[in-house]
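In the two complexes that follow, chain A is the common piece, with chain B as its partner first and chain C second.
Moving on to the complex of A and B:
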């Protein structure tokens, strides 16, 4: 039986991990909501952002967080471009299925280019504070994990405010809810969809930078991430950002606590067990709205 | 798919064409051991595909060996000549490659390829033809469980014996200084796990308690929970059966939890050049086994490092050294048996000599058991004064082992 302090430490680690998962999954659910696109390349973009942070740090010594000033706008533009130039060319009838193939190839291209530019050597950003930690009621909280959690919280809050309280957010939600109706009331749904996609990719820039603070990165790392992230957005309800956040937090915490009693291998299966259970019992997801029911 | 298919056909056609011409020119009137003919050595290596990085390393090691031998006048007064084919990291190709080398090209000797996955099928071919098979890679137990009679692994130790020097050192410590509890975390991989469990078996037999025993899959990215369990156990020593990124991530996660063991040993990761760049100045005192270092004080090693650096512009790493060792082992057998040809009698003489004798190599003196397992152990290195240095065994050490290790 694990001691109380170990359980508490695991809860702290689980919450921090869940926060990171939430940020990494947010974009993925957004693409699906706006465009019905399954974006396999999302995690490849995360790793790309992490590499850019690592590269900037190695070359100039700037804190990886500062690279956000460049990568967030850059990824937004790349997202808009990708939607306008690639995804809109897919036939609407087969969009969801074909987007899997298209974004799969994008992921391969990114992985290949990263390998070409930086080789397969596994890299890690060396920070003065990478092993620093704070004491929190007897548990240790690593500074880098706290920063990543803070980034996740800020990005998700920003996303929430944008979706709720701006005209663009209203238009985006209208497009998510019913594209034809949104077009009928005068929303330029094509443009909104492009911006929505850009927004999703911008979260990948934030997520990748958060990831780079505390992970060893290599070009093929993204394959390890896409599975759990897909599971999270299905459990959370496709297209629902708050749903993804809640599912990410729940699964992160469960994974962390299960590791105390089970092996790491079994604890990792929590994502797939949850995915299976969701599809069997409640295919629209546990926190999503009506959207996912239509599929 | 079809382009690669066509491409590989073309490569195969080209390879066999060159092989034919080479065989036509080389053997001329017959492949009897005339003193002027070179000794041809056939090798298949993964020069493209999954294992191309280490495969090219092995190729450089073999080439360095051939050059050094030829510069000294060759073997038995004959020049050596390598015939290297690319198996594209593919286990089917490696079989046909060796069949071609032995059957059609009539090479005199063969050297092994890289990686367990390719060593096993290749060894089977050599075994069928009754050829001596010395190989530079393939430390996993299944290589030695196949009943091969002609196979020898040209490195100091199989995975489970990597930590032997450290185990002896720990068990010889006075009671008060000896770690009392150990936490193990190993990747679910025959090689990485083998290293950690080899040490675990020995320490448990010596009465040292195992308090954590975690196995994680190769795709694990988050080490927070494993680290939390190790930290909470307050084990005196932590052992990681790691490759690279998992070792680094686990070490940082342990540091973040402010866990301060008296001893920390990790496989592979600490010996990589990228390690210090990733962890910074927090490496002090970390131990790691290693099969080869450029600093090892074995007689032939200095010569090898110098000439290799001259030829390739940088110092050799472990893959290169193991390939070179393979060459040294075969050369020693050839010199002793005074023959180098495919005929059964000669090959049996070579095998028999290696069974009973010790060979001086760049990784130290090697001898083998009846399954081809080398009987030495890896050297143990430790990060001391910001540099990775040999601390065990006693006769090779560059620095004293620091115990207990400083805080990280």
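Moving on to the complex of A and C:
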């Protein structure tokens, strides 16, 4: 039986990890909401952002956090472009299936180009504060993990405020809830859907920068992220942002606690166990509403 | 009219039969024509791809459910065969069929979870399956050999390497024929009709009484079994299994790419796609070695196929030929809605003169038909 302080440490780390999962799952939920698209390339963009942060740091020595100023707008534009130029051109009847393949092919291209440009070598950012850590009721937590969590939490809060309290957020939620009805009250749903996609991709930029602070990155790392993220959105219920956030926290915490007893790889299977259990018991997910029923 | 339309159909059938016989002749004589064992191994690799993507097409082509995780079934088939031979000491080909049966049994709970919901969740489960298997087979090193790999003993220890390749070429060819035959039979059966109804409109199929869930599950299991056979045969041929390659998401993606490129609604679609993509893969491996760029090419090709010809090459080409020859048929009768209504009105007026033709009773309520 591990000691109480070790358990507490795991809980803290689990919450920190869950925060990052929650942000990324929120992005996936946005894509699904506006377009009914399962975006396989989400985690590839995540790794791309991490590589951009690493590259900027290596070349110029700037703090990786500063790359956010470039990557967030860049990814937003890329998201809008991807929605307008690629996804809207697919046939509506087979959109869900074909969009999976299309985003999958985007993920392959990103992985291949990253491998070509930076080779398959594992990379890591070394910062002045990389090894610093804080004592926190007996748990030692690396400062970079706290920064990553803070970044994810701030981005999620910003997303929440934007969705709840701005006219754009209202239009976006209306588009998610019922596209035709939203169009009938005068919302330009195509434009809003594009922006929604851009916002989703912007979460990958934030997440990738946070990830680059304390993780070793390599081109095929995105496969290790997409599985857990997919599991989270299914468990939470496709299309439900609070569901995704709760599922992300719960599963992140479980994974972290399981690592006390099992190896890292076995602990990761918790996501897939949860995925299969959810589909067998409650296929629409635990927080999914009407939307999730048919997908 | 009938005489005109029967003649092209007749010659079409003859042409198709001729092409089929020519294809079989080429396939059978390939080992004796191949200039070196290397070409033979390329042929085997292409046949392996063809069996895999035809097996994938049982689910993808009939029901329209796209699985990115069929690589997991192939890998499981290969590993199960290898483990049954090394640990269970079964004869190689008994192990092959036992492993296919085991994978089919495993596919039942997977399909049960994956097919309860439509579309998106199915794809997610299929991807998750590959990732789980990769985790399990890498971590459980004491049983599976882990990243060090698993060596499968050769089924014919006394043979030379080239004879070994030749035998496996014909084994893969036989398996391909079996898979194509099964697909052809399902395609013409009532079962296949139900599956295709699911592809076109699952709600309507269900409301017309098609047992959609059972049908999907059955075809999923059949597909998994064929995929496992192909994977197991590959394991026996190649003799060395590594979880990274056996449970790669990429191998599942290649199956999808090949089937889509050729045309998922056609018997020979996946085979054609496998010849094109498989040859391209082997060629680029020979010319450029293993660079990450093959991911870029595969991704771009998949993207182009999905964007511009989601029905594949075969429909695109036959459509073009039909347009040039002017033999194109439309499945939709060219009748306007107004003509149809008149026709129906006439018929109803004949049968039941006391009812108004639009189906309304004089008191304005809609008539309910029993």
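One rule holds for everything that comes next: the second predicted complex is superposed on the first by the 290 of 295 C-alpha atoms of A that agree within 3 Å, B and C clash if a C-alpha of one lies under 4 Å from a C-alpha of the other, contacts with A are read in each partner's own complex, and residues count from 1 in each chain.
Everything below uses one rule, namely that contacts are C-beta pairs under 8 Å (C-beta built on N, C-alpha and C of every residue); 3 or more make two chains touch, one makes a residue touch a chain.
Values in this document were obtained by computation on a predicted structure and should not be read as measured data.
In the overlay built on the shared chain, the residue A:6 is in contact with chain B alone; chain C does not reach it. When the two complexes are overlaid on their common chain A, residue A:60 makes contact with neither chain B nor chain C. Once chain A of one complex is fitted onto chain A of the other, the partner contacts of A:115 are limited to chain C, with no touch recorded for chain B. Residue contacts after overlaying the shared chain place A:86 against chain C, while chain B stays out of touching range. Once the two complexes are overlaid on the shared chain, A:215 sits against chain B while remaining clear of chain C. With both structures placed on the common chain, the touch criterion links A:259 to chain B but leaves chain C unconnected.
Contacts of A:17 after superposition on the shared chain: chain B is touched, whereas chain C is not. In the superposition on chain A, A:36 contacts chain C only, with no contact to chain B.
Between chain B and chain C, C contacts the larger number of chain A residues. Comparing which residues of chain A touch chain B with which touch chain C, the overlap comprises 120, 223-224, 263, 265, 268.
Those residues of chain A that touch chain B in the shared complex are 2-3, 5-6, 9-10, 13-14, 16-17, 120-124, 126, 128, 130-133, 140, 142, 144-145, 214-216, 218, 221, 223-225, 255-256, 259-260, 263-265, 267-268. Interface of chain A with chain C (complex): residues 32, 36, 38, 40, 86, 89-91, 94, 96-98, 100-102, 104-109, 111-116, 120, 219, 223-224, 226-227, 230-231, 233-234, 238, 263, 265-266, 268-269, 271-272, 275-276, 279-280, 283-284, 293-295.
Listed in rising order, the residues of chain C touching chain A in the complex are 64-66, 68, 109, 112-114, 116-121, 123-125, 127-128, 131-132, 135-136, 138-139, 249-250, 253, 256, 260, 291-303, 306-307, 310.
Interface of chain B with chain A (complex): residues 53, 188, 214-217, 219-222, 224-226, 228-229, 231-232, 244-245, 248-249, 252-253, 255-258, 274, 277-280, 282, 408.
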